[in-house]
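Which chain is which? They are A, B, C, D, E, F, G, H, I and J, in the order written, and residues in each are numbered from 1.
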Amino acid sequence: MSRQKNELETVTLLGNHVDLSFNYNPDILQYFVNKHQENDYWVKFNCPEFTSLCPMTGQPDFATIYISYIPDIKMVESKSLKLYLLSFRNNGDFHEDVVNIIMKDLIKLLDPRYIEVCGKFLPRGGISIDPYCNYGKSEKWEKFAAQRLLYHDIQLEHVDNR
Amino acid sequence: MSRQKNELETVTLLGNHVDLSFNYNPDILQYFVNKHQENDYWVKFNCPEFTSLCPMTGQPDFATIYISYIPDIKMVESKSLKLYLLSFRNNGDFHEDVVNIIMKDLIKLLDPRYIEVCGKFLPRGGISIDPYCNYGKSEKWEKFAAQRLLYHDIQLEHVDNR
Amino acid sequence: MSRQKNELETVTLLGNHVDLSFNYNPDILQYFVNKHQENDYWVKFNCPEFTSLCPMTGQPDFATIYISYIPDIKMVESKSLKLYLLSFRNNGDFHEDVVNIIMKDLIKLLDPRYIEVCGKFLPRGGISIDPYCNYGKSEKWEKFAAQRLLYHDIQLEHVDNR
Amino acid sequence: MSRQKNELETVTLLGNHVDLSFNYNPDILQYFVNKHQENDYWVKFNCPEFTSLCPMTGQPDFATIYISYIPDIKMVESKSLKLYLLSFRNNGDFHEDVVNIIMKDLIKLLDPRYIEVCGKFLPRGGISIDPYCNYGKSEKWEKFAAQRLLYHDIQLEHVDNR
Amino acid sequence: MSRQKNELETVTLLGNHVDLSFNYNPDILQYFVNKHQENDYWVKFNCPEFTSLCPMTGQPDFATIYISYIPDIKMVESKSLKLYLLSFRNNGDFHEDVVNIIMKDLIKLLDPRYIEVCGKFLPRGGISIDPYCNYGKSEKWEKFAAQRLLYHDIQLEHVDNR
Amino acid sequence: MSRQKNELETVTLLGNHVDLSFNYNPDILQYFVNKHQENDYWVKFNCPEFTSLCPMTGQPDFATIYISYIPDIKMVESKSLKLYLLSFRNNGDFHEDVVNIIMKDLIKLLDPRYIEVCGKFLPRGGISIDPYCNYGKSEKWEKFAAQRLLYHDIQLEHVDNR
Amino acid sequence: MSRQKNELETVTLLGNHVDLSFNYNPDILQYFVNKHQENDYWVKFNCPEFTSLCPMTGQPDFATIYISYIPDIKMVESKSLKLYLLSFRNNGDFHEDVVNIIMKDLIKLLDPRYIEVCGKFLPRGGISIDPYCNYGKSEKWEKFAAQRLLYHDIQLEHVDNR
Amino acid sequence: MSRQKNELETVTLLGNHVDLSFNYNPDILQYFVNKHQENDYWVKFNCPEFTSLCPMTGQPDFATIYISYIPDIKMVESKSLKLYLLSFRNNGDFHEDVVNIIMKDLIKLLDPRYIEVCGKFLPRGGISIDPYCNYGKSEKWEKFAAQRLLYHDIQLEHVDNR
Amino acid sequence: MSRQKNELETVTLLGNHVDLSFNYNPDILQYFVNKHQENDYWVKFNCPEFTSLCPMTGQPDFATIYISYIPDIKMVESKSLKLYLLSFRNNGDFHEDVVNIIMKDLIKLLDPRYIEVCGKFLPRGGISIDPYCNYGKSEKWEKFAAQRLLYHDIQLEHVDNR
Amino acid sequence: MSRQKNELETVTLLGNHVDLSFNYNPDILQYFVNKHQENDYWVKFNCPEFTSLCPMTGQPDFATIYISYIPDIKMVESKSLKLYLLSFRNNGDFHEDVVNIIMKDLIKLLDPRYIEVCGKFLPRGGISIDPYCNYGKSEKWEKFAAQRLLYHDIQLEHVDNR
């Protein structure tokens, strides 16, 4: 029941050496085909190694990015996702923009049933920012997105900067 | 896709030296424009460095303030938010009043779709107080606010003063 | 925007010396007036210093008491709440009765829109008891209470007696 | 407002010496009368000292048992509950059966409005089992039970055997 | 009330020596009969000892697998589940495929009312993947599945790779 | 190898009903004989249910008391220790005095080779106090005490009043 | 470099069915030969499934037992250790005696260079007891034992009975 | 054995109203007499409510201050310590200076056998600073101080700014 | 100051595709040259993905392996270490043997000044085993090893199998 | 007692805008003068925002860097330290080299009595590396360094990559 060679043709980065780019590059994202399309299910990526630059001061920002989606036909390949995320390394954007940009690029690549992206950024000036955006395709998943927005972080995560 | 200069005209504090005020001053708050207005999304600020004075005894109080909102057209700039929060430093108010005041000032600045403010104050006399208020604009977001009020802290956060 | 003197007339204990009573005394509870009555919002008290006696054995019991309410016109003053809670010190009641008694006394004092009281008692005979009661005024808040009862502790807090 | 002698007549074990039985014995369970029947409220027992035997291998099993219920007229007395739980000590049942048996015995004793029982068993062969069952009396509480079943452990408790 | 011999006839692995297979083998799964079919209840398996191979690189992957289901007539026997899970040891599949395969095999064995499978895989290249799938039999449990999918991980589990 | 009846003659409180005293009473302490006197070994008591009164304000204080000792001929019986600790309930002493008094009473009862007592008190005015005292009999154990004093809490326990 | 058949001749319990005894039985302990005798090294057993009875009241006690030793020629086989520990199940001893008995039985079996045994028992009457004993063979390891006794639990483990 | 009135003559702040000063004021510190001078023992203060200003930027800093000392004849009274610490509120000093200043003031007040002061400051620019100083009187305690300096934080406290 | 090409000649695995072996193979280990030989310093590897087989039952075991060493001239390259550790995947050894074997292979490769290896294995039959061995070259480091053996795990790590 | 202007002349970065360099640049480090040179005391920097590149693959690495030192005459200014650490952003070095380089640069700047640097790097290929180096000036502090090396991480920090 394992994945066959022909099921992996769209995956060219995994297991191979790749030249890295540290400038924003959504074209590096790759997909493979969902073998369980009859099922609505979650895929979540935990990415604690995100860093970008502040657009005003040029100083590095650090975050954990959480990406969760319900695939339709296409699924994002994890090594290409990693390369995409590190392409932000020398890029400047507000925290609030970063999660929206990531979500929009993945929607373009995957056309998923549902997707959400959250960032937990390390503090600046004693304050940290955690932006969260989501999206659902068509009426069914729009309602799904509205419900998840409604109950996001309702159990207020504790933060004390230590 | 980064923020352009002209998109940051309303932001004059970030990256510059600013004289601090330790007396309540809502006028210091600044905004920038939301580039993703077609999307309902969350922005959360974790602020563990809040301190004010008790209106009865004059003794300092300490809290972590959590501010979460869904922006409409305007978004609060984080350095101005920091300066605003430290302007409470020499101000006297009950814990329950503090979160309401912060929320009302941010509503006035941002006219957000939704906002909530929670404080977790350190104990006095063996008891700590955690006030929470929220607000939704127009019928859709009023219902949203009612639901979040309903399920707030339903998983009772454990506290033991150590 | 700070609290004025005349807004604090009902508060006579805070900042003053008070003779303590260790026998159940609901009369010590005091209130002040809610300045944000147009808003439904939470106030939560975390009280890890509660002790009373077992009605059967006379042995001391220890608990953290959590009190959360949505104020209407009156709000409980925290020092009087502290004095009220320590008036249980030499009193004997089952754990299940304690939270109901506290809730009923606060309803009588405050006539709140909604209130809930939970106790997490330390173990006796290898078992600990966590009672929880709640109340909503009129139909709107009765439904609110029913929903919170329904989802209380649904994420089963882990306990291992260490 | 403390419990009176005559309110405790059904409680004969608490505060007295009792001969222990280590063979399954539901008859030892005792109740007392609920003084707050006008209110729907929770009572939760955390019991980290449960041990029984595997019906196939005879080897001891260890668990924390969580029992939560909404009383009607009768409430289970905690010392009798403790004695009941330790009567499983030399008894053999599958984990999945244990929680159902406990729940059924308590329903028979208490005829509660609602009850749920969960066990978190220590691992065998690298796998641990956490069974959970619940019950609601009549239509109102049946719906209540269905909702709690629906959202049980939805925030997937993290387990790593260390 | 303990399980009788004749109630355990389908269980042949527990308590006996078994030759292990490290190649994917769903035939090893065994069931026993549910004695509480009148009740909808949860059984959850926590399995922190899952390892398989990456289909592209052949490198081992490590995960904790969580399996939760509501039994109908048949229940999976835990030792056979353990043997089934370790049959993945030398098998190659994407993380997203693994949870779907496990779920489908258990549906075939048990025909459960409801089932969900989640994997939390250890990081590769700084990113970890947590796939989650679920299934409900007939309309009632399909709606149940849809609700649990909707609220899965809504309190965003914190991950920082340490 | 279990304890025999005659080895337990000095133990009269355990398993029997005892009238409680809430006024400081060191006479209630009882011992039994150490059966392993050829060995130097530790006995540690964790006591999270300690409460006394402030000598200046009369307000209740709360602490966890930790008592560790190396027995010589006599060992303190745990139920008598519990009764002794709750005899502080209506007594007034500074935190720093409490641990010294407990230690001195136990030295008088047990004449131990070594003993140490630590209290972790809940905060007053935002500050908590953790006193620690120790004692060693004769030169060997005096040096032992000096070393433990030297390295006590060298890994600075983290405290944040939540 | 794997263990050979002839190196495992003293191991007859592992992998075989064994009739359990719930009465104290040190004879069940088995050893195998240390293949690294030129090296002083640690072996630690963490045993969170220990239960015995109170010698006074007959009530079950629960503990995690920690056994650490530096082997000489013989090493304790882990399944026999498990069977030995569960032979305490129906036995009555004080907590302080239990750890000494376990240590002495293992010294008799193994004649180890060094050994230590610690128990962390669940609370009774609000107090938990953590006894610890150790032993070193001949002068070198006696000094070793003295040093470990000296620094045992010097970073005072936090306990709060929840 | 409680403290007598005449033993508390040097304590004038505790239980009385005090006008606060937010400018550095070591004169507010008060002592009482040590009743256990024959014993070397620890007193530790955990102070999570410290805030001061940065000498360069004027921005508020936040820290938890830990003060541990071994008293000689005098002991610092805790309310006066609290007032002293909050007198730093409007004062500007480097983190490294703050702990040295506090230590020197307490040495002047108490002439203690030994003292140490540690601060854990919240991060600025992604970096947090934890200064630690100590002092011992005369040769015996100087050596004591040298040893504690040597082993301070040797188990490197984990920090990740979340 | 970065590593030059010629400093990396002995490193042939990192960055290249490698065929994996799941049978014990110490020859795959590679080293590079220490550029800071004038300094004694630590390198620690945390390896939570170790799995091998039980020599008696053939069942998989899981562990986190900790390797810490002070290099002399040679340093182990981390990718080769990873490949070495996964070569245990189909190998059978007792837990106690595994850490000794790993240590001896690394001594042979590196001839380090000092090395220690610890394994924390997941529980079998309710008991987990944590073996630890160490080694020092020549007299200076032999004494170093003896001291670290003496104080290993002296703060008894808490384990509860959840 | 606050720092005076003339005491801060060597500090030119703090509070001012600075152009960032992302290439290794030790020249940016600045110092100020130690006002407490008569005292040996610790300064510790926690730096969770360190990122550099792998010298073989060019992929980003992430670490928390811990720097602790005992100052002599000069102290490192924290903003310059931050700028120095982020100058590694586009630099390639092995983890083991990074901590040695940082330590040597700080020795050159500060000529401290003692210094240590530790890195905790995020995992690659399932393994994480934690290097640690230290240094002491002259004989007294060389011995100090040897002792801290000896006892470093002796309480083996638990790591499981989640």
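Operating definition for what follows: a contact is a pair of C-beta atoms (placed from the backbone, for glycine too) under 8 Å apart; a residue touches a chain by one contact, two chains touch by 3 or more.
Listed by chain with UniProt protein names: A, B, C, D, E, F, G, H, I, J = NADPH-dependent 7-cyano-7-deazaguanine reductase.
Source: prediction; values computed, not measured.
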Check: Chains shared as neighbours by chain C and chain H?
Finding: B, F
Margin query: Please identify the chain with the largest separation between its CA centroid and the CA centroid of chain C.
Written below: I
Notebook entry, point to check: Are the two sides of the chain F and chain G contact the same residues or different ones, given that same means over half of the numbers occur on both copies?
Noted result: different
Next item on the list: With contacts defined as at the top, give the pair, B-H or I-J, that has more of them.
Entry: I-J
Check: Taking each chain's centre as the mean of its CA atoms, how far is chain B from chain D in angstrom?
Finding: 43
Note to self: Can you compute the centre-to-centre distance for chain A and chain B, using the mean CA position of each chain? Integer Å is fine.
What the structure shows: 27
Next item on the list: Could you give the separation in Å between the centres of chain E and chain G, each centre being the mean of its C-alpha atoms?
Entry: 35
Margin query: Can you work out the whole-Å distance between the CA centroids of chain A and chain J?
Written below: 32
Item checked: Two or more partner chains touched - positions in chain B -> 15, 17, 48-49, 57, 59, 62, 120, 122-124, 126, 128, 151-155, 158-162
Item checked: Parts of chain H lying in touch with chain E, wherever the complex brings them together -> 158, 160, 162
Note to self: So in the complex, the part of chain E that touches chain J is made up of which residues?
What the structure shows: 59-60, 62, 120, 122-126, 128, 159, 161-162
Check: Once bound in the complex, which stretches of chain H touch chain F?
Finding: 1-3, 8, 11, 14-15, 32, 34-36, 39-49, 64, 66, 68, 70-71, 75, 78-79, 81-82, 85, 118, 120, 144, 147-148, 151-155, 157
Item checked: chain F to chain C touching residues, read off their complex -> 20, 22, 48-49, 51, 57-60, 62, 86, 89-90, 122
Margin query: Quick check: in the complex, which residue numbers of chain F touch chain H?
Written below: 24, 55-57, 91-94, 96-97, 99-101, 123-135, 146, 149-156, 158-161
